[in-house]
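The two complexes that follow have subunit A in common; it is paired with subunit B in the first and with subunit C in the second.
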Partner chain A sequence: MRIYEKVIKKPWPYWVGGILLALLNISLLLATGSPWSITTGLLYWAAAIMERLGFRPADWYYFNNSYEYGLKAGQGFLFNTYTVLNIAIIIGALIAVLWAKEFKWKRVKNIKQFLFALGGGIIMGYGTRLSFGCNIGAYFSAIPSFSLHGWVFAAFMFVGAWIGSKILFKYIL
Partner chain B sequence: MAEYKLDCLYEACPIPLLKALKQLEKMAIGEVLILHTDHNCSIKNVVEWTKKQGHYIDYVEISEGEWEIYIEKAK
Partner chain C sequence: MTSSRIEELKRQRQTELKKRGNQLPYAIAATAAALVIYFALVKYNMSFSYYWIIGILLGITMQRSRFCFSASFRDPIMVGSTSLLKAIIMALFISSIGFFIIQYRAYLMNPSHQLKQIPGQLHPMGIHTAIGAILFGIGMVIAGGCASGVLVRIGEGYIMQVMVLIGFLIGTTIGARHFEFWDRILISKAPIVYLPHHIGYFPALLLQLLLLVILYFIADWYDKKNNIMSTM
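Up next is the complex of A and B:
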């Protein structure tokens, strides 16, 4: 029961999570040839929806001229490594929360929260496409790959977080 | 001693921490803040932050996935 308390129930220290994430990302790179990223998968899901609606996103300038596709032979917008990883994150989080007996249905608190979440989501989603990744793809996976863009992303992410929390603290809360 | 309640249900990081920060600024030494949350990151970052600030803190899981964090302002 003591081990359950310590390992499953209590939050892990940040350094344990950091080491585990690093090891998992290395294994992922070994197994699939590309490091972890999240929002690229969400972009492909959106593209798959657009395809179903009759558009042809595969012909768009964005996908053909400005972007390294990242999709391997036999993978489409819907069925690819990113989809597997994104679904696995949700399943993994569900297992962890059920195991810790902390599962709870949550609802939207009020209309203000809903609108801020929607607006923030749109801004973040647009930002990830301009920077070709989120804090996972363009930061967490970029820096260990010795890519300069990861450091640039990091610097401006901290600036953004600082400004964001100031605005949040002063004007919104 | 006055006791303040802060409803942080359904709210994610960093809202509970910032709300607690803002409320603690308004309180006098010795007063207690009770933060009600269902965000499990809060029992890590709110607790760590208040400890670092030197306040007294304790928390209890009041039902599955729901916590009350008690903070007594110490300075």
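Up next is the complex of A and C:
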């Protein structure tokens, strides 16, 4: 019962989370040859939707250049390693929150919150195409890869977060 | 707030907890389903099974430790707290060592390797990185979560994060459509700077670890000075 309280019910300290995330990221690189990244998978989902709508995203410049963002052989925009990883993260969080008996549908409170969620998402999503990833792919996995773009991303994400905080103070709080 | 109001809130919370008490059957079902999918993937595609099980563990870890990459950057600015940032610096320290061993082993096995063969996230560095990072930073603070946080919170039942995800899909599609433009004016001219190729493998590792230690102590000092939550 005490283990249940400690591990399942109470939040873990941040440093425990940090150490585990680092070990999992190393395991992923070791097992699959590529570290943790999220946003390419999200773009693939968008491309899958575009395909359904009759567009042909596979022909876009983005998927046909030297940066190798095209689909790997045998994978589709919907079914690929990114999708497996991203869905697994959602399911993992769901499992954790159910064991803690804390799952609850939480609705959007008002139209303002809705617009900020959507707008923030759009700005964030656009940014990731320029920076080759989000704060996972271009930061949490890039800095340990010894690629200097990860440090540049970290520094300027701070600038962005500062601007975002100012906007937040002005319009939301 | 009057004490009767507090009592009322307490009672509300009690009934809410009772109502939520029957989540264990769902927890068992979800865990069982995740395991069934894992074993199916082991049979069907070994590589997919690694992604699945590690993804599940990442989700559990992020949910249990309330980890949020977006908050790690926002909290120092908004409330002066760096406890999350320190945890991330610690994580970067550990993963730098782990990634280094994997990369160095790859180098020893094939000393004449090309940049593309190095395991990890190696991408061009330049003005586009800065523009993208600033946009990303603004977006994640306004939306109240980054890509990883959005996935975790969708799992927790937040509808708002589904809206963030939809926004993200729209934005990232527009970004991908504009990629040719950005590639022509900026990205194609930017180099990939892989530190070990410039200063050597072990100096790169030592430099990075030293930098992370220094950042950790700066973050620690900043927290003690600015954290409005601390009792000091």
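We adopt the following convention: the second predicted complex is superposed on the first by the 166 of 173 C-alpha atoms of A that agree within 3 Å, B and C clash if a C-alpha of one lies under 4 Å from a C-alpha of the other, contacts with A are read in each partner's own complex, and residues count from 1 in each chain.
As a working rule, a residue touches a chain if its C-beta (ideal position, glycine included) is under 8 Å from a C-beta of that chain, and two chains touch if they have at least 3 such contacts.
These numbers come from a predicted model, not from an experiment.
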_So in the superposed three-chain picture, is A:Phe103 touching just subunit B, just subunit C, both, or none of them (first/second/both/neither)?_
both
*For A:Phe114, select first, second, both or neither according to whether it touches subunit B, subunit C, the two together, or no partner.*
second
_By residue count, which of the two partners contacts subunit A more extensively, subunit B or subunit C?_
C
_Quick check for you: in the superposed arrangement, does A:Ile95 touch first (subunit B), second (subunit C), both or neither?_
second
*asked:* Just to be sure I read the superposition right, which of the two partners does A:Ser145 touch: subunit B = first, subunit C = second, or both, or neither?
replied: second
*Where does A:Ser165 make contact in the superposed view: on subunit B (first), on subunit C (second), on both, or on neither?*
both
*Please write out, lowest number first, the residues of subunit A touched by both subunit B and subunit C across the two complexes.*
11, 97, 100-104, 106-109, 113, 165, 168
*Spell out the residues on subunit B that touch subunit A in their complex, using ranges where they run on.*
9-11, 14-15, 18-19, 21-22, 38, 40-41, 43-44, 61, 64-66
*Could you pull out which subunit A residues touch subunit C in their complex?*
7, 11-39, 42-43, 45-47, 49-50, 57, 60-62, 65, 67-68, 81, 84-109, 113-114, 116-150, 152-165, 167-168
_Sites on subunit C touched by subunit A in the complex_ = 17, 20-21, 23-24, 26-27, 30-31, 33-34, 41, 47-48, 50-67, 69-70, 73-74, 77-78, 83-84, 86-88, 90-96, 98-100, 102-103, 116, 118-126, 128-144, 146-148, 150-161, 163-180, 182-183, 187, 192-196, 204-205, 208
*In their complex, what parts of subunit A are in touch with subunit B?*
11, 97, 100-104, 106-109, 113, 165, 168-169, 173
